[in-house]
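We just call them A, B, C, D, E and F in the order they show up, numbering each chain from 1.
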Amino acid sequence: MMPTDESRMSQPRYAGVPTFMRTPYQTDLTDLDIALIGIPYDGAVTNRAGARHGPRDIRDKSSMMRAIHHVTKVNPYALCNIADIGDATFEALFDHDAVVRDIESFFARVHKAGVVPLSAGGDHSVSYPILKAIAKDEPVGLIHIDAHTDTWDEFQGSKFMHGTPFRRAHEDGLIDASRTIQIGIRGAQNTSEGWDYSLAQGMRVVFMEEFTQMGVDAVIQEARRIVGDGPAYLTFDVDGLDPVYAPGTGTPEIGGITTIEAQALLRGLRHLNLIGADVVEVAPPFDPSGNTSLVGATLMYEMLCLLAEVIADKKAMK
Amino acid sequence: MMPTDESRMSQPRYAGVPTFMRTPYQTDLTDLDIALIGIPYDGAVTNRAGARHGPRDIRDKSSMMRAIHHVTKVNPYALCNIADIGDATFEALFDHDAVVRDIESFFARVHKAGVVPLSAGGDHSVSYPILKAIAKDEPVGLIHIDAHTDTWDEFQGSKFMHGTPFRRAHEDGLIDASRTIQIGIRGAQNTSEGWDYSLAQGMRVVFMEEFTQMGVDAVIQEARRIVGDGPAYLTFDVDGLDPVYAPGTGTPEIGGITTIEAQALLRGLRHLNLIGADVVEVAPPFDPSGNTSLVGATLMYEMLCLLAEVIADKKAMK
Amino acid sequence: MMPTDESRMSQPRYAGVPTFMRTPYQTDLTDLDIALIGIPYDGAVTNRAGARHGPRDIRDKSSMMRAIHHVTKVNPYALCNIADIGDATFEALFDHDAVVRDIESFFARVHKAGVVPLSAGGDHSVSYPILKAIAKDEPVGLIHIDAHTDTWDEFQGSKFMHGTPFRRAHEDGLIDASRTIQIGIRGAQNTSEGWDYSLAQGMRVVFMEEFTQMGVDAVIQEARRIVGDGPAYLTFDVDGLDPVYAPGTGTPEIGGITTIEAQALLRGLRHLNLIGADVVEVAPPFDPSGNTSLVGATLMYEMLCLLAEVIADKKAMK
Amino acid sequence: MMPTDESRMSQPRYAGVPTFMRTPYQTDLTDLDIALIGIPYDGAVTNRAGARHGPRDIRDKSSMMRAIHHVTKVNPYALCNIADIGDATFEALFDHDAVVRDIESFFARVHKAGVVPLSAGGDHSVSYPILKAIAKDEPVGLIHIDAHTDTWDEFQGSKFMHGTPFRRAHEDGLIDASRTIQIGIRGAQNTSEGWDYSLAQGMRVVFMEEFTQMGVDAVIQEARRIVGDGPAYLTFDVDGLDPVYAPGTGTPEIGGITTIEAQALLRGLRHLNLIGADVVEVAPPFDPSGNTSLVGATLMYEMLCLLAEVIADKKAMK
Amino acid sequence: MMPTDESRMSQPRYAGVPTFMRTPYQTDLTDLDIALIGIPYDGAVTNRAGARHGPRDIRDKSSMMRAIHHVTKVNPYALCNIADIGDATFEALFDHDAVVRDIESFFARVHKAGVVPLSAGGDHSVSYPILKAIAKDEPVGLIHIDAHTDTWDEFQGSKFMHGTPFRRAHEDGLIDASRTIQIGIRGAQNTSEGWDYSLAQGMRVVFMEEFTQMGVDAVIQEARRIVGDGPAYLTFDVDGLDPVYAPGTGTPEIGGITTIEAQALLRGLRHLNLIGADVVEVAPPFDPSGNTSLVGATLMYEMLCLLAEVIADKKAMK
Amino acid sequence: MMPTDESRMSQPRYAGVPTFMRTPYQTDLTDLDIALIGIPYDGAVTNRAGARHGPRDIRDKSSMMRAIHHVTKVNPYALCNIADIGDATFEALFDHDAVVRDIESFFARVHKAGVVPLSAGGDHSVSYPILKAIAKDEPVGLIHIDAHTDTWDEFQGSKFMHGTPFRRAHEDGLIDASRTIQIGIRGAQNTSEGWDYSLAQGMRVVFMEEFTQMGVDAVIQEARRIVGDGPAYLTFDVDGLDPVYAPGTGTPEIGGITTIEAQALLRGLRHLNLIGADVVEVAPPFDPSGNTSLVGATLMYEMLCLLAEVIADKKAMK
């Protein structure tokens, strides 16, 4: 089996059917280490829709990604078997409960096969069913980069929207609040409920101003301290970035993280015990230059290097 | 009371808080003849969302509208009291049944006050609750311009999506199939179910090719013949137009109606007994030049002239 | 002297400093037959500004123009000396009276040199000072394509804005109402004043609906009949076109002329005694695809062929 | 084998890895009737590049296509085995001779397998190597829709650029001039060389003005008469359309064919002996609304129906 | 009276007629503390127009604003009565002197009612008539963030253009040069006249390079030191920001302030005696992603918090 | 001779035929010190084309540039004779070897006339023929700002593409590796070949992470140390910048240099012995806001100040 498709890499970047990172498309999970997955769902947003188009556009822009990381020299394709296994599928798109079940079921199959998922949303509500599938055995740590804590209770009577996934995940015992860090939080709110919930549960909330004062190296140390050695999930909402880097998103908040900081932050997470990761809230209809999808693709590549190293670590330990 | 706000009309078109056609904003329905209403909902689309932003952008572009129609010389503001009464409101956006109830309830209040509604969607699912509110006493005729018959049964298990409103309306006895005409229908389908349903119920379906062959004058005569003198509702999905005129829509189909034809068609419906009208599926995120919203606003103005004349007719008959 | 710059024509269309039609840039008027001129002024618009950027963008797109007309086989560069003489210059941009004087003065120099001007606006107010410069000896005929008659009296207290140039020109005896035809008029108005003025003075107003009914060939005959053999000016406001062809304009009105009709119309004006022409109201900031400027450039090329033939006619008669 | 992938068709249109028309992606040609192929090459344009991105964007927009044609009721997937076989591959992108060889070689494999190619360009130069692969046995007829005859000799010293493919094809005996029709030709030229070549060889050239005068039905009859019963190739350059329908192209010419006319024209070609077809010159970077790619995808679908019927005809005759 | 409209805040952000921050629209100034005002005027720009559309687009984007500031925890709606009172109105748009009088008169009414104005431009010329209205009793301090000092004398013979307001204000005794600080100044000039004027009058000019070297905290201290305790006006030209944050502006200069710095700077001005504030030069036609208007709206929200606290301070002192 | 065209500078920035910096257009090199040159060629890119349109759009945006540098107070027009001499011309655009010869030949004429070239690309391949023309006597130092080292060997069999110019230049003895510094390098690669080549030859490679850690002042010192006093060439690929500053480029890599850093870096190179400079890879079709061209124009202005000072230094020494 050939995890990197060399013949396709030699073609120009704009050629061919676009899979994530120009990896092979395959639905068979056998011998796979990491599955790249799209979740084209944005039915849970409160403001602008569009993240349903995220997976396709990230796939398109991810053709610009290559193999060897220029800082760490990690080549994930040399460490792991990696493929694009397509998008989560839906049977009842207009019924949020069914959507949660469908996503959970899709990821449960991946998890059961021993494959680590790296996903592109979709809105942030999708992280909840992912966690239901892969964190059901014990609460996991969470590294959560975002402008919003996403620990609100409901909006317009709905418990399942893109501002609530980590409250639901916490209530379900899927994440360990004491091993949870939320980074980049900012923006006015009509009530402080979400902020209060995170803090009351013992999550570490790094508001944007603290981020700026600490600097990214200290934030990395804090994240490593909070999450520790146990299994952890990594989730990156692109609205954690300043909207100049990611205008294509549903609820932008000015004054956010730069991509240099985001890349440094992710590179600072090497060898943490990550069991999966996602990039969410890339909404191409609001992204005239295409930069948001390019950023999303590059962040996925950074995460891919992290996940590949962890899997290689584990293989080496056997 | 002053139906045309002359002082605002004298200001430049880009000035001021944008209401529909620069009419006064008021929530009080007393003495009002026609209510201009936005329905910012697109949770029922099958493809691209964005029509939730339609009402605001149509309001913005509608500032370019003025008073006297250059063909008919009708000045609706001289005939009727007209106001922007704001948008339908929602209590449970993520629950389609509740959305249907909320829209129905909003329009029931308007209908009860004896006010004729002229609405801007939103996706086409919104026409169903409007009809529930204003056509509940007897089935009404329907003039329906669209690329799609919107008489399909369901998608992804949902009975209420933007391809089904007129099947639901027919099942509920809100529209009279024999007094229904669907104009501009085109585009491939995976099954012929929707087309078959319309035809089987006795609706008059003018496919695009027939439209081209007949010419707009003959289509007008056919529409007048089908609808007759009884009460009728007028609904215009902008995807009935060719997408060069209305690129900002969720499910564009090339090869459609021109705006000259659309304007001629609407002007051909004078003095029909219209009880309401809507323009739907304007999706600004896919409308880089803003022309779709301008078209939507101008079609609303054409409809406003039609409705104002009908109301004046009725007032004159009293 | 080399009217067609062959070496530049052989370079790719995107190369070089963009002059109109890739003609030589020269400020010396000696031996010149036709001057291509930009008028980067839009201080007289009532709605959206942007036509100040028209000349530059039309120059850029005009590189796509070539020499031999595919219908008439006219090659204007073989008939006449043609150059880009740059833009009208201003000494007091914020003072409309001074602007009128500056434009008039620029064109008076061209006219005095016996050079025929073909101009790119700018908003439509610029046609008035052009006429002051080149029609001061006797009233000329006018072929005017536009959505608006531009014979209103004032807006916000100003007599000189882009809706008034032909009323001012008529009051000043620069145009002959009985030899004036206005084509493509449409769009609602708050009062009928402008329409009434044109009709009262005896101008021939072809509203859009009449245009559609007559067809372009009959409109050509009507224009030729009205204008006759005397000197005439040709002015084309791109909002006469449907906004799908020319979205980049300040006051778009849906339901307008197609480019096929516009080209046919212009080609129908061969050998009329045209003393100048302009294309106005191209506003690039509202033209995301660049088509409006391409249309503007192509209409200028059509006009250039007309003017070159007339000059050749006159030369032949000597 | 499953020619229509029903499970994928049931997912929303924006979901999944985008193949042409949501057909299966497969590189095995066994039992295949029609291959959908991308040719991401635009190194031969004279003006704006961008058609290299055509295949990907057409794939993306082609998800909006469905199965049953609303006019002909043809369902190509019920008649034939159809798959996306990916893009032509290149070994030396910067060497036009090598590019021609690589494309020819790719299509020779398809042709040898008895599979009919339906391609998406790329610039128009790609039609020449396609014809080298599939028309090498005898000259074929050609139905060519375009603003340009593409029978020029060279540009900047190159014989192989996007204005020359049909001159080269004719010189090589790949097309039969007497069975060639070129439709929609227009736009000024610096010399009449290309027009002259086509006419001198006996090709039928329908300039745009003749197209307008004849009407589309007469053009269809003319095309059928010219091409006759022999094998023929169909090539559609989107710049044959008016640029409002297809702004995303390298050398737009205003005043072109409408999509309604184009669809009618293609539907008029049923049961001609077509051996392949292509849509070329879709350049997404100049297509802000995405309509050009949607048009390209829809024209491909129309062509797919034509090709499927021809194959079904031939199967039936066996 | 209800300063925060809770029922509107519960609706989705894209719903309803857009007022600034979703505050109530009212023209009655009674009991109002802060008036949100639009000034849709850009007739005084030297380069690109478009700021006339600023107020509408800022209103639209300001729906994303909420109540409680995430750093200061200030909720301006709990401290003050706040409303959108619409746009300044004009009687003679094409006459700059009249425009100055109209704006002054509009703000004089607000000032007389004891209401603090927070405005959205419009080009920067509008700050001069605002100061004429609210600073006529004594010269006020000025905190001015901008790429340009706006203390030039004239352009094209006009004293009133968007590069002169603070020279005019200083000449009229409306601002105190010794209590004036200009922050973010940069960009080449044809003469040093404006820079020289500011320095000669004793204004504190923080060029961009000094800003970078000092850091935002030191700039805050400098601003507080300069302005002191007296009444002061705050004006923010978005071209002070780097154009990646605010591309939608008339005269962008690269190398500017970040939004994080701008937010920090504004938050550093708490409890200064601010008597009004404005955000100017947001020009939506040049803002494809909409970020400039989002930035403008968010800066207005930051200013609203500052003004509300000052008013609360003053109320508390009574 | 008049190096600064005062009358043109007094016109609004959007007026007139756009030359670089509004300098005079002239092809005569006599008495010229610095030539501003466009190279509209992008036939050597590996990903997205579009830089062929760079020179025109940079010219257009460069009208916003003025004379006196706000930090250094240098006025290049007071020091040197500066003109726009147009674009390099091509005889065989589709033959890369011929393109190299044509560009070399164009610059050889400039160099022979003793004129210093400041160029706008085009893709980065153009720096190689420039160096062939002006560095043929001895290897020069190189200050190279870019995301990529551009020292790869070949792509798709081609030695001359935009990733190879400095390998070719080094092989030809045009640049001195020990006096070469490459700044801003980043982004994954499929092999480390280019990085390895640069390092193996002794070039100083400042990867982006080192840049961030060192800070711009230290990078300036390093660049000055490496390049020393000998003749040196300065080349700036805009993809060295973060793509938020320069989205309009062919191969963007997130996480790059800011414009503030880039301006500081260039200002830090005063009085180095620069013999020419270029800005490359500005691709307007991917630059919806126009900021990339504005950045390109402003960087050219910064370089112009550097070159003018060096020439003034040399004149002073004579």
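We adopt the following convention: a contact is a pair of C-beta atoms (placed from the backbone, for glycine too) under 8 Å apart; a residue touches a chain by one contact, two chains touch by 3 or more.
A quick map from chain label to UniProt name: A, B, C, D, E, F = Agmatinase.
If you're wondering where the values come from, they're calculated on a predicted model, not measured in any experiment.
Q: Determine the set of chains touching chain D (Agmatinase) that also touch chain E (Agmatinase).
A: Under the touch definition, chain D (Agmatinase) and chain E (Agmatinase) have A, B, C, F as mutual neighbours.
Q: Tell me which chains count as touching both chain E (Agmatinase) and chain F (Agmatinase).
A: A, C
Q: Quick check: superposing chain A (Agmatinase) onto chain D (Agmatinase) on C-alpha atoms, how many degrees is the rotation, to the nearest 5?
A: 180
Q: With centres defined as the mean of C-alpha atoms, identify the chain lying farthest from chain D (Agmatinase).
A: E
Q: Answer with same or different: of all residue numbers used at the interface between chain B (Agmatinase) and chain C (Agmatinase), are over half used by both copies?
A: different
Q: So how far apart, in whole Å, are chain D (Agmatinase) and chain F (Agmatinase) when each is placed at the average of its C-alpha atoms?
A: Here chain D (Agmatinase) and chain F (Agmatinase) have centroids separated by 41 Å.
Q: Report the inter-chain centroid distance for chain A (Agmatinase) and chain C (Agmatinase) in whole angstrom, where each centroid is the mean of the CA atoms.
A: Centre separation, chain A (Agmatinase) to chain C (Agmatinase): 56 Å.
Q: Which positions in chain C (Agmatinase) are in touch with at least two other chains?
A: 12, 14, 48, 52-53, 90, 93, 156, 244, 286, 288-289
Q: According to the definition already given, which pairs of chains are in contact?
A: After working through each pair, the chains in contact turn out to be A-B, A-D, A-E, A-F, B-C, B-D, B-E, C-D, C-E, C-F, D-F, E-F.
Q: Taking the touch rule as given, give the residues of chain A (Agmatinase) at its contact with chain B (Agmatinase) in the complex, in rising order.
A: Answer in residue numbers: 42-44, 48-50, 52-53, 90-96, 98, 155-158, 160-161, 285-286.
Q: Under the definition above, what is the set of chain D (Agmatinase) residues touching chain C (Agmatinase) in their complex?
A: Within the complex, chain D (Agmatinase) contacts chain C (Agmatinase) at residues 46-48, 156, 185-192, 195, 207-209, 212, 242-244, 247-248, 251-256, 286-289.
Q: State the interface residues of chain F (Agmatinase) toward chain C (Agmatinase) in the complex, per the touch definition above.
A: 7, 11-12, 14-19, 25, 38, 40, 52-53, 55-56, 59-60, 84, 86-87, 89-90, 93
Q: So in the complex, which bits of chain F (Agmatinase) are touching chain E (Agmatinase)?
A: 9-10, 12-14, 64-71, 73, 244-245, 258-260, 263-264, 288-291, 294-295, 298, 301
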